[in-house]
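These are the structures, in structure tokens.
Below, subunit A partners subunit B and then partners subunit C, in two separate complexes.
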Partner chain A sequence: MKPLSKIYTALILLFLFAPILILLVFSFNGARSTSVMSGFSLHWYEELFRDYQTLGAVRNTLILAVSAAVISTMMGTAAAVGIYRLRNRYLRVALDTVTNIPMINPDIITGISLMLMFVFVGRLFGAATSLNFGTMLIAHVTFCLPYVILQVLPKLQQMDKALPEAAMDLGCTPLMAFLKVEVPEILPGIVTGMIMAFTLSLDDFVISYFTAGNGFETLPIRIYDMTKKTVTPKMYALATIIFFVILALLLVSNLMDADTSENMKKAREKKRARRRNTAPSQTAAE
Partner chain B sequence: MKNKVSLKSRGSLIQRLVLAPYSVWAVLFIVVPLLFVAYYAFTDNSFHFTFGNISRFFTETSPVGDGSREVRRYLLIFGRSLKLAVISTLICLVLGYPFAYMLSRASAKTQSVLITIIMIPMWMNFLIRTYAWMTILQDTGILNGFIGLLGLKPIHIIGTEGAVVIGMVYDYFPYMILPIYSVMAKMDMKLLEAARDLGCSSAGVLRRVVWPLSLPGVISGVNMVLIPSISTFYISQKLGNGMFYLIGDAIEQQYVANDLHFAAAIAFILMVILLVGMAFMQRAANKKAYA
Partner chain C sequence: MKRIFAVLLAVVMTLGLCLSLTGCGGGNAKTLNVYNWGEYISDGSEGSLDTIKAFEKWYEETYGEKVRVNYTTYASNEDMYAKLSSGAVSYDVIIPSDYMIARMADEGMLLPLNFDNIPNYQYIDESFHGLYYDPDDTYTVPYTYGVVGIIYNANVVDEADVGDWDLMWNEKYAGNIVQFNNSRDAFATAQYKLDLDVNDPDTASWDRALEELKAQKPLVKSYVMDEIYNMMESGEAAIGAYYAGDYFTMLDAQADSVDLRFYYPERTNYFVDAMCIPSCCQNQELAEIFINYMLSEEPAIANAEYIYYASPNRLVYESEEYAEELGEEAMEILYPGIDNFSELYNAYAYQNLSNDLLSYITSLWETLKIG
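For the complex of A and B:
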């Protein structure tokens, strides 16, 4: 990189990370203020771990994110397999369009639209409050699904079509061919889709805000409630912990990526070496 | 041949089975809810058909200043949302485009490290990110602390439209960089070299080769910043000090006040405007690409 590019990059990174840095520093504030630093203390972390409402919200968020990720990954993968095989052009265009809607629509409209339906259906059944964990789960699965499909579908399209056919020619049933040949081929897409679904669900505020019932509070909704009043550094302590968890996850996934690409490189080299070794003997046999 | 036919028919049975759950889900929870938006938008509290909600959006007035003058309340709010979202999107584009270009020209290692770094703030909860800016921009905040150290007069930012724009740019900036970068990273470098060999200046290469090729990334980046900016309701509440409403605030306010029919009407109008706008942009881009 040229010096000018380096300066520009540094400025952009400063802009992106200055607020986060401030969060980190002020989470150790000795006083109650979020803008004047006075002394170092772990007081706010202690406060945080005594705040059962927030801890409960963390637990709720994780339960919701895992459920939404698992359901949307299973349904989305099946959908991608179905869409990939779809021969009817009109049906395909219709499905693609519908799949795009939650990604294009602003979150607020997705949230409002689901909320209206839940409220209407709830009223039909005479329920006083129709929003609960179930409605939130439905909402989360709905906005996660397109991302899973969009991760899996390209992997199917990149796959060599001859592979499952060859497996079936060699005596596999279609189901076995799917499980033993296609699934390993598209597995990276499935995993990425699941991770995306998990993080999207974890981070969502707007759609949750409109579809959450009174009994089930997720972390973003809890944070929203916290920022309605004067915020103490306790929330910054929470943000700091979130930051380091994210950092650790990213580092681990990057290392794993590097590891698998390294392994693949090694495997490829081994293969090449083997070919080199066997090639002369073959010519000798001829 | 016969084998192939039987495979196909078997395939279509499996296909129906694997597609069924998603198709049902998509209709029930994507299509039907949108119909409910339209249904609520065009009905009153007892679910009788009415244009009242839609016309309220276009005609309701509120006094400004000393009360002698009146403005169309919701049209004003919509105009303000559009203005702030467009400004934020342009700033993101102007700051992000050169950055994405530099990123795509860096070494593979630098690229992957920088992309990871840029994604970290995206993973932080956006409420917390926005709130952090509130403590920076406050009158007694960190920015004014620095300014005070330099011996200058403190500036008042919080509660202005500028503060809201800063919040929007900060929250959605990575969404501009990533799509532009991913298009640029795939760009064939030989095209750039060829243009230069054929006598194009550096600026000419950027304008005639890089820019048209990066257009799909720019369009998706613009969409990804513009749409959340125009519909946000948290940024304006925190950084705008609740001094002025955006269209998202208007929807949220009606939701809190439990006027679901009017909330649906605003959402419906926003959706229609966005759809028309996006179709228009897509057409303009296609024209340019094939020109």
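For the complex of A and C:
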């Protein structure tokens, strides 16, 4: 059984990483080909840094993803708190379901319906063009919101209801109780929601495609548009860089996680030690 | 906690500031919105001319005014058409292909050009006047053109078998042939082979082409679009039809064991991509100045060298510098010296088909792919 499971793990890792590895290798190809290797070269990296259209698209993508993540996190957290505080159970379930609809909806339907709405509203106000960065941002916030709510709501439900009450008993105003007690408690959910919103916005193609106006091109759209001729290995170089940046971020965040869990472990041990001192019989039973 | 909120607030405010700046586009600078195919303009890579930047600079020097070119790309005529007809965006210059130009002109989506602003139009070869999509030369200035030919690997294919479209139906090379993965192009190969009209409104003619494609199917390795580059370069496939300009891209990257060659069948497909001004244009004169600039010598040559498709511009194909850069073989293939181009073009190029016929073709195509 042991070797079999090892082979299985190896296969899964292979399927996950072989495409990235191939891309990485071909980003160093000397020739234009994406199938025939002809020597090592940094040529495509050089070309990439000279291609200001692509770099502009990267910048646009990042601006859009950061603003969409920040806005949807703030709105989503507020919405989750609102849903959590609802007294009426039926209303709460109904709202929960409604926020989930955009998540289950196919991207293409969200994209087209958003575009139609923007065009309709634009015509209503007599604008010559209705799609621009703003509409794209609204679209991205729209599809990121449910994911943030989905991350924050369970954290609120896990929280001890007595905590904010205790804070207010001890003299906090409701706002202070929220900021000083509830927010730190649900912070992991908020952060996860923001990261999810960021990544979703970063690699969205379909919805961006329908809601993009002139002049604001994101990276996925730019790569798609290259398919009349071929996608140049420049894009391989770019993907390689993005891969390593994300890998570095992941490593840092995992290290930090490990650090905090280490601290928590130490704290727990301390607690246990203290308990052992006060109630030795209990530890013996353990 | 306060600090986190302060940081968030600061981020949001700076973003807002950035947005308001980009929104105004730097105050009084004029903006020109250009919508073109992806990778279809010389963009400064590999030491080429950066056409867009060069235009902005040239415009400022000539007119003493700043202009900002907002350059966006699309992947197909249909994408471009969908975006424009939604009415949600406005572009000043677009570069669609022939059949799409005909359709857009029919629907009143193009503006007639004022050729007084485009004096460089005189350099466009006579044979590109009066083509079917714009019979009176009112809407368009040709940008590139191309002809479909057959690419084969001479290490696999016997020279004796080379000739016309029959090579793609030759049983000797079963499993080595790639066919277009798009109904119009695939049907056209069969139609040219059988000497049928590629724009025939009669469904019977498409049924016959389908029979021919069905007969070819057991020989076909796969139906491809731009995967053809990799397959031909690596020798995975040995025979396939594609545009002459793209053959050189494959030739540049072929593996050592592969020897790619190219020829034109007797009847084949021609396309022209042309610059037009859509009716949503905000500044027609500026758009015409841009079109005129694209026809002038330096940018026209840079674009032709970058795109590697043939140029209808005399300043390009008569330029010695350009001929030297491309080399003799490429010049011969890209410019086969067609005297009666407009005649062949009007006979063999794709024209816009009725929606009923298009959906009929789609259903035939599905029976071929599934059956």
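The rule we apply is simple: the second predicted complex is superposed on the first by the 266 of 286 C-alpha atoms of A that agree within 3 Å, B and C clash if a C-alpha of one lies under 4 Å from a C-alpha of the other, contacts with A are read in each partner's own complex, and residues count from 1 in each chain.
Here is the rule we use: contacts are C-beta pairs under 8 Å (C-beta built on N, C-alpha and C of every residue); 3 or more make two chains touch, one makes a residue touch a chain.
In this text, all values refer to a predicted model and were calculated from it rather than measured experimentally.
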**Request:** Could you tell me whether subunit B and subunit C fit or clash when both sit on subunit A in the superposition?
**Result:** clash
**Request:** Once the structures are superposed on A, label A:Ser35 by its partner contacts, choosing first (subunit B), second (subunit C), both or neither.
**Result:** both
**Request:** Check whether A:Thr227 is in contact with subunit B, with subunit C, with both or with neither, and answer first, second, both or neither.
**Result:** both
**Contacts of A:Lys161 with subunit B and subunit C, given as first, second, both or neither** = neither
**Request:** Compare subunit B and subunit C by how many residues of subunit A each one touches, and report the one with more.
**Result:** B
**Message:** With both complexes overlaid on chain A, does A:Ile63 touch subunit B (first), subunit C (second), both or neither?
**Reply:** second
**Request:** Based on the superposed arrangement, let me know which partner A:Arg89 touches: subunit B (first), subunit C (second), both, or neither?
**Result:** neither
**Request:** Mind working out whether A:Val119 is in touch with subunit B, subunit C, both or neither, as first, second, both or neither?
**Result:** both
**Item:** 8-16, 62-70, 224-232 or 278-286: stretch of subunit B that collides with subunit C
**Value:** 62-70
**Footprint overlap on subunit A, comparing subunit B with subunit C** = 34-35, 115, 119, 224, 227, 231
**Asked** Taking the complex as given, what residues does subunit A use to touch subunit C?
**Response** 31-36, 38, 47, 50-53, 63, 66-67, 70-71, 74, 115, 118-119, 122-123, 128-134, 179-180, 183-184, 212-215, 217, 222, 224-232, 234
**Request:** Within their complex, state which residues of subunit C touch subunit A.
**Result:** 1-2, 5, 8, 11-12, 15, 18-19, 22-23, 31, 33, 35, 37-40, 43-46, 70-76, 86-91, 225-226, 229-231, 233-234, 236, 246, 249, 252-255, 280, 282, 307
**Fill in**
subunit B contacts subunit A in the complex at 7, 10-12, 14-16, 18-19, 21-23, 25-27, 29-34, 36-37, 39-40, 95, 98-99, 102, 106, 110, 112, 114, 116-121, 123-129, 131-133, 135-136, 138, 140-142, 145, 170, 173-174, 223, 227-228, 230-231, 233-234, 238, 248, 251-252, 255, 260, 263-264, 267, 270-271, 274, 278
**Asked** Hey, which residues of subunit A end up touching subunit B in the complex?
**Response** 1, 5, 8-9, 12-13, 15-20, 22-23, 26, 34-35, 75-76, 78-79, 81-83, 85-87, 95, 98-99, 101-102, 104-110, 112-117, 119-120, 138-139, 141-142, 145, 149, 168, 174, 199, 203, 205-206, 210, 219-220, 223-224, 227, 231, 235, 238-239, 242-243, 246-247, 250, 254
